[in-house]
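Let me begin by handing over the structure; questions about it come next.
Per-chain numbering from 1; labels A, B, C and D assigned in written order.
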């Protein structure tokens, strides 16, 4: 039971979805399966929230190192959850009741989002600007032929996006306009880049098809491994 | 010749302390301090690298911060060159008929917003100018807030808009690819109601919309997964819907294999956004220079690019010097 | 014609009606700019000539066919347009399509098509109805349907109907022939995979796989961590349990856990996805068990962080700087966080091994990490390490499929060069 | 008092001071005004806390990190609950629940209980291990993995495999070819010229093929095979370089966005 039922579920679901691609009358069934998928994926969020709470509460109660910070996590979690689940301070509640837009302007949920989550994720993301600078300085060196090719191609694209490059090659006559930096960088992006992207894409697509095939045929069971079986 | 170069619109803001073209209120003195610090810093980094010593990471961080901060404070604005990839999206919308429906999917969160929000706003404004009807949706949980922000931003220009007739917002559904696969054939199965529980059938603009191809144009603006790639794989490929996209700069190169067969245009990063803003301003002059968000970003970005190129050059000079030294001693 | 000029004439009666029609057509179909040019001409006409006109010529040749490759409930209506207007005849703006279950009616309007400038061109309308009996636009399958096309003008009293079409039925197909190329490839690849699985089972691990630098470095890195007495950080990325990259990464994690247990060091696995977290726990525990040291496994080695991208990165960054792992291994799905992680790792001075099939992030790993598995190499790595017949066979099948593609691509290019476009066309899947 | 108490208290005082500075005392709607002040103040402080990581790990960063983790998990739960459970499932499950949550009831669909049941099975993971029913979540897992596999398989084959191959095949290797003489006499290196067009197509075709050769795993990369695979690596490196260079743009614009917020909204030093 612990092994067979998941196996049957896998095979049935997989086959429905693949065969529906080729057999039009099955289209409806596929839609239904995918609607189930949409609803189930929300439970993964619940599982996430639950696991987070479990781990952090354990930390707080056992007063492990940094338990104060775990407390911050727990408090943040509950405040956000309360604002969202009860739609507190939502101006649309007066007319629409609980159907009000969760993100209505002025709702406390949206306000807290703007105050805490938005700046945190934007700042975290913008750290990349700094890291990209240090990575360029540290790692972009012409150590060998591969690194040189990488360096040159990145450098041309960088030049193409600044006026420096445009000014530096602006003197070129029309019959060698290919070597003007803006053209060269566009060409690298649209042609040479495309070749590499396509090669990787085809390889990955094959890998995905192969793995999906093994999952649907019930050969690959990594995701079902372990546990108390 | 050199004088002309300095006075050209490209360069003069760089020398804003000299020509006092400062736009942003801090005044030339502060800009001066920034640029002096910048030049001194770059010089120092150069000297250190030539001497064969590594420059500490924090110094690089600081320099990067200073560069961008200086550029933001002085408010450099650079001319934008249009490309056909972006032009295609603008033309498609320009050629749609009044009353046509456009699906706008905002699949990003606040972290990607500096690049992508300007695209969403510019495309929305353009559609509403053309009296097209917009349906907003998102595949990201955080996208709901982004849609709310876009609508807040465009409302002042279009006070007469009626919800349900001119635009609507169906909001978010979890399920990533599964959402796309279903809406490609049946829109209402996934979105029976809009974001505040109103049945879609009762929204006048949604009559006749049963699946994605019923929209005259789809613009997917996204910064990751699920995003444009998934739109191509699960909506455009099977249903043949017409799509344009706005991509974060990081994913733009990866999306080139789909252009122009599967999507007829693409805005890449803030450059793409600023091109679109430029086209919009030319066609509809009421969107003045001062409201172009993406265009404001382009100036600092260029300065940062120059800084990065300098870093790469310094690093390689030092690398070769070190190799030579090693070669000499060996 | 711009929008302003159309709306400014709204006050004028014929113009108003025209605008209504125009909008109607606009809503139903994204028509060409040509239509609006026609309409402008008509506005001027109508405003100067208020005298009643004659009805336009009727459209003809209404033929109805079943729409291909669907589950029924749709037909395709083709008809020829009205002839160019003769003297006194009103200009045709567009055509309305009517459907009925009987030759005599009642008729139900199902859609409209704008007229084309070139009146000799025939027009096509796809009538796709609902499949739900209770729905308003239900279109029955395998029932006789009759169609009639009406040419409409700016004046609602001036129109003319076509002859009623011959009866036709919407039929559901059992096979979508437009997707044949996809189907054939699925079939081909399935057989190929099954064949090589058999071969791999028979021949065991004698199948050759070329060594991958990144993977050879893993053992070395574990040894280094042991010497330094520091832990190893294993990041599974942002993928879910159904992502191929994550599944491949599980295999490698199992192997790393076993090695780590043997060498008596520590492995830390912060997880992004709650489901991935549970599987990772099992994998590491099994690894420790295989190494014969189940007692060394602690529950807090593998822990769940959160399901928000940058919150997760923030936490992993903290771990890197606080625990200072000797080696960081990033294998799986990665997005924007790739460079943040890799650079923070470089600050901490760790050896870094990365691999992902997320193409946009590969450059950052290539630049900032010591070893990088590019795309498919990640999948291959799990086969190389595990040496399970299953994975080896699948990899072999992939390689052969690639060989076939390379040959086909070369052939295709030559064929196109020689002018046989059909060869490349045969690979295009429709619908 | 030790540092562990002093620093948080001092931070809170500074924060409240800043909040008061940003508060618009003349606003009509004072609760929204307070929120507005809070959004700007908190946004600025949290941004600085994250940026402090660039110097080194510190308690402020740690605080921001942990707050972020908690808030984001709850955010996803709320959004998912309202969008998929309330708006998508409940209108088809129960008229009573629909009314209680102010949703329209759209008719029974009994099969919608299936995903709800599967979802609840998934949550058995949260129960203590001693109950020994955690394995039930494998049913859900099987469903999720199989659906994704089914979706990925055909979509990838079509968009990323067959379409990509066919568009590589249909590239003409001799575009605008009018004979060798014409080619030589009109030869130039202009961007839109014939030679560059030809070069582009050759680069794509050869690049794709050599790239694929690099991804051959069951053959040793030696001899001519090794040389082609070497070319493949170079193609990949050009690709990575191009991506890297192009990405710099996006990354900087994010920083510009943040700094503009800090300077304009938070510190108020630019207009």
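Assume a residue touches a chain if its C-beta (ideal position, glycine included) is under 8 Å from a C-beta of that chain, and two chains touch if they have at least 3 such contacts.
Just so it is clear, the model here is predicted, and its values are computed rather than measured.
Minimum number of contact steps separating chain B from chain D: 1.
Rounded to whole angstrom, the centroid-to-centroid distance between chain C and chain D, based on C-alpha atoms, equals 17 Å. If you average the CA atoms of chain A and of chain D, the two centres end up 3 Å from each other.
Between chain B and chain C, the centres computed from C-alpha atoms are 23 Å apart.
Residue numbers of chain A whose C-beta contacts span two or more other chains: 18, 21, 27, 34-35, 37-39, 41-42, 44-45, 47-48, 50-52, 96, 99, 102, 113-114, 117-122, 124-130, 132, 134, 136, 138, 140, 150-151, 154-155, 158, 161, 189, 193-194, 197-198, 200-204, 206, 208-209, 211-213, 223, 227. In chain B, the residues touching two or more other chains are 57, 61, 64-65, 68, 111-114, 142, 144, 171, 173-175, 178, 181, 190, 195, 197-198, 238, 250, 253-254, 257, 271, 301, 304-305, 308. The set of chain C residues touching two or more other chains comprises 179, 182, 186, 240-242, 244, 274-275, 305-311, 314, 336, 359-360, 362-364, 366-367, 374-376, 398, 402, 405.
If each chain is drawn as a node and touching chains are joined, the picture has every node linked to every other.
Residues 54-55, 75-76, 79-80, 83-84, 87-88, 91, 102-104, 106, 147-148, 151-152, 155-156, 158-160, 163-164, 167, 239, 242-243, 246-260, 263, 269-271 of chain D are the ones that touch chain B when the two sit in their complex. Those residues of chain B whose C-beta lies close enough to touch chain C in the complex are 57, 95-101, 111, 130-131, 208, 210, 216-217, 223-225, 238, 240, 250-251, 253-254. Chain C contributes residues 69-72, 131, 172-176, 179, 182-183, 186, 189-190, 193, 197, 240-242, 244, 247-248, 250-251, 273-275, 277, 279, 281-283, 285-286, 303-311, 313-314, 336, 339-340, 342-344, 346, 357, 359, 362-364, 366-368, 374-376, 379, 390, 394, 397-398, 401-402, 405 to its touches with chain A in the complex. Note for the complex: chain C touches chain B at residues 3, 6, 22-23, 25-28, 30-31, 33, 35-36, 130, 309-310, 335-336, 347, 359-360, 431.
Chain B meets chain A in the complex at residues 5, 10-11, 55, 57, 60-61, 63-65, 68, 78, 81, 83, 109-114, 142, 144-145, 147-148, 152, 169, 171, 173-176, 178-179, 181-182, 185-186, 189-190, 195-198, 253-254, 256-257, 271, 301-302, 304-309, 311-312, 314-316, 319-320.
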